[in-house]
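Across the two complexes that follow, subunit A remains constant while its partner is subunit B and subsequently subunit C.
Let's look at the complex of A and B:
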């Protein structure tokens, strides 16, 4: 495995004196092979961004291990951490705050040069920047030398992808990267990612709340709810045959022409709570009568068909 | 008139020069600064020497008059102004630098580092400056303006630290800090190159405030007799005039110059602070 997460858990202390625990991510296991495009799908508060941040070493792991090419990433220090960032980068949801507002946008490139290529001469570096901007479909003459507020969200987001490309990365964590963009530029950025995967063999963890995007673009998908993976497998199989009640609900709530939004919203409205034992999804589950175990035991991920795993007691019975 | 669009620096000067509060404050401070620098060259007397007859009102020979001991008030005044600027620069500068360091580290690292630094900050706030100065006065029989400035600086940083810390906290959660971290930059470098530049205006304003505060604090200490034992300061002048009943005897030229200079200088600093706030914060700019 290229990237491997083993029982990764993140607990945040909350409350006035840090007395309460919030399990943002719990026992998450998954792996990525080289050149793979995987979607992590979950609603807000499901812990999907926390997983991305833990992979990028921006948030610490409470327990469990994240391994990159067989090495525990939490052990990386100065030089080895720098080497890690040479190969693994992230792009986030909100492009505007990714730039220091008082400097020109190119500064993100300058930082990469200063930190990773201090010896490269400026001419060669400029060529590299031009190439990388070209690769993300930006015209260098138009975008260089501008302040962040002078560029559009789509341009800023591509800028950040170009920044990642300067490093010849192998793995990109793309956290909701198109949700703040205009509808017209979304598909371009999405296709750019697919293109990079084809051309450069880039592996991508695509974090999104939008089921249809996950389906559109990825080879494998994981459905996250309240910090736990409820269903994972080959995208095609999950979407043709959703087994977990939550996945079914999500599938049903993709905007449709034949159903008004109010009806869908009513189904989604129930609150998400932090449940200590039993199935995290039991309060909202539509199968509730079916099984008694949901109150007591956390369901484990089980392979129901080849490359398709589900964590649901109801699926164990048959 | 439209502000120039080209460079941020130009925009800053455009608004700075059109802000009356800032301009007036700057003129007053500059006036006293020049006075403090060239003043001592305009007098042939020494600080404590008996320059002439006692209690002379201002005249062509003794510009600001003389004291009960026949010392020249003008000489004391210009040296006192120098001392005020030294206290402001050293005391205010020290408070700003220490406050910045503590605030940046506490705010950026959070967790345990923050807890410890916060504890230190709160401890310093609760230790009374007066008591410490009494102790120091007991140990150091010979004290200069610099000693006083250092003590003032070391006791006034906590407010700056608190302000810088909270600003750092809010900047730290922005994505551009994550982008910097993803280049493997050291935390020192992130603080200096990403966080500090965003707070430049704020840090400068903190310094202006601390400068005024230090001058005022020194005057207070001098007046109650905890000031320098050597040299002179505006506060000391007021203390001496008070001790020798200058008010009752009508020797107004002894205490009015130092009192007025202190009030104007500190007032100008605070005025500058308000003006700078308006320049840096577009929402407060006058139409």
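Let's look at the complex of A and C:
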């Protein structure tokens, strides 16, 4: 495993004197393989951002272990932590506050050079900046030398992704990075992430509240609620056949432009009643074609010979 | 008809000159209609809503008429508008979470509000409780301070307050964008219920999220850079958008069941023009894939098929 979370829990102290415990994240287990694109889907307060922040070491872990390439990240100090940040970076929801409005936007690149590449000469550094701006689809001549207010939200967000790429990262935590952007630009940033994954083999943890975005972009998805993972797996499977009632609720609530809420609700109910009424084994059953009843009614346990019971419609016909 | 605006222009005054945020909006809203108003940030959709209820500096009334239920709405006159606000026109503001006075208990605030409109609070007591039930709030909230309520609860409380006097026109300004998907759905459906129960006659629902409008709106109006670019019944505009901007906007929406690896979506290149000195002619021309010479002249907002209006030279009349 490239990144592995093992029973990760985060407890925040709340109340006037910190007397109450808030379990923001509870016993979360998941792993990411190299070059994988995983969505972490949850509503506000689900703990999704806390998980991202713990991976980035911005928040401490109460119990459990986060391992990156087999090493416990909580043990990283000074040089090893700096090395960790060379490989793992985060981009967050709101691009505007990452910039100081009185300095030019490309100052964020300068800071990376001072911190991580103090030795590199300026010519080579400029080439590197140009490359990474190119990688996020920005034209360096157009965007360099501008102040933050002269750039759009989408451009500022790409700037921050370019900044992360300067470090030759192999893992990016993208926390709600497009929710503040307009519909016309958000899809570009999303496509950019997918391209980076494909071109550079970047692993991405995409944290979002929006199921359709999660579906569009990720190979695997996890549904988080109140600090716990309720359902996880291959994205298509979760979306085609949501099993947890909460996942179903989410699926029914997400506004779509191809189906009305009532239709989605009706569909999900139908699916539910399918499973409620049909034979529980029918999806794997080799007799399935022979017996239409399997979809409609749950077979009763019947005695087919003395002291031998079976619950199968195929046996009833005899 | 409930509302009719005629060539409404409202600018923002800045040191550099006027920002032409709303530059000639003409539309009519029928009784009982829920009109969705969509567009990117800065397209003027909030300006349109604000100008219909509280037009204050730096906003500047330039020209245009507004009629509500056959009566002229004197939007340029702050004082005259006072008798219309809340009773005839009301709004659920964008940051409804912060719309309530934090130092007053909610019940007291509602009383003060009613008194300021010359209505005795006792008269509305039953109705208020009835509506709290409708939005799933307990009556205890009236003896609470706003800080004791969650974001979604505050939102619903403001919905109740804004519509308590049965205004003819209610406007909801981006009220769902800060909410979780399950709350979004609940809040949107409650507003539809307000209309169904005749608390309000018509609703303008403003959002950048067209998929929510598809769920609840009867018609959708799309704005771009201070202009109306398309207006049609919901099914028509989502199924058969005509303006290049609307087309791009709708096709850039990720759909459930669409995957990056199978069907790559495209954004809209470029960004909206500065409204301090907007370009001549069509304001979308610089981002438009269909741009031609005639686009340097401003396209009229005209009806191309019954109920379907669009402002684009490239759309021919009655294409079907």
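Throughout what follows, the second predicted complex is superposed on the first by the 255 of 318 C-alpha atoms of A that agree within 3 Å, B and C clash if a C-alpha of one lies under 4 Å from a C-alpha of the other, contacts with A are read in each partner's own complex, and residues count from 1 in each chain.
As a working rule, a contact is a pair of C-beta atoms (placed from the backbone, for glycine too) under 8 Å apart; a residue touches a chain by one contact, two chains touch by 3 or more.
Note that the structure is predicted; figures quoted are calculated from it, not measured.
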item	value
Side-by-side fit of subunit B and subunit C on subunit A, or clash	fit
Subunit B versus subunit C as contact partner of A:115, first or second or both or neither	first
First (subunit B), second (subunit C), both or neither touched by A:199	neither
Residue contacts on subunit A - larger count, subunit B or subunit C	C
First (subunit B), second (subunit C), both or neither touched by A:82	first
Touched partner set for A:58, first subunit B, second subunit C, both or neither	first
Which superposed partner A:292 touches (first subunit B, second subunit C, both, neither)	neither
Partner chain in contact with A:94 - subunit B first, subunit C second, else both or neither	first
Where subunit B and subunit C come nearest after superposition, their Cα distance in Å	8
Residue ranges of subunit B in contact with subunit A within the complex	8, 174-176, 178-186, 194, 197-198
Subunit C contact footprint on subunit A (complex, rising order)	43-44, 152, 182-188, 190-191, 194, 209-213, 215-217, 235-236, 239, 249-258, 260-261
In the complex with subunit B, residue positions of subunit A that touch it	53, 56-58, 78, 81-82, 84-85, 89-90, 92, 94, 97-103, 108, 111-112, 114-116, 160, 163
Subunit A partner contacts - residues on subunit C that touch it in the complex	40-41, 180-182, 184-185, 188-189, 208-212, 214-215, 238, 248-250, 252-260, 264-268, 271
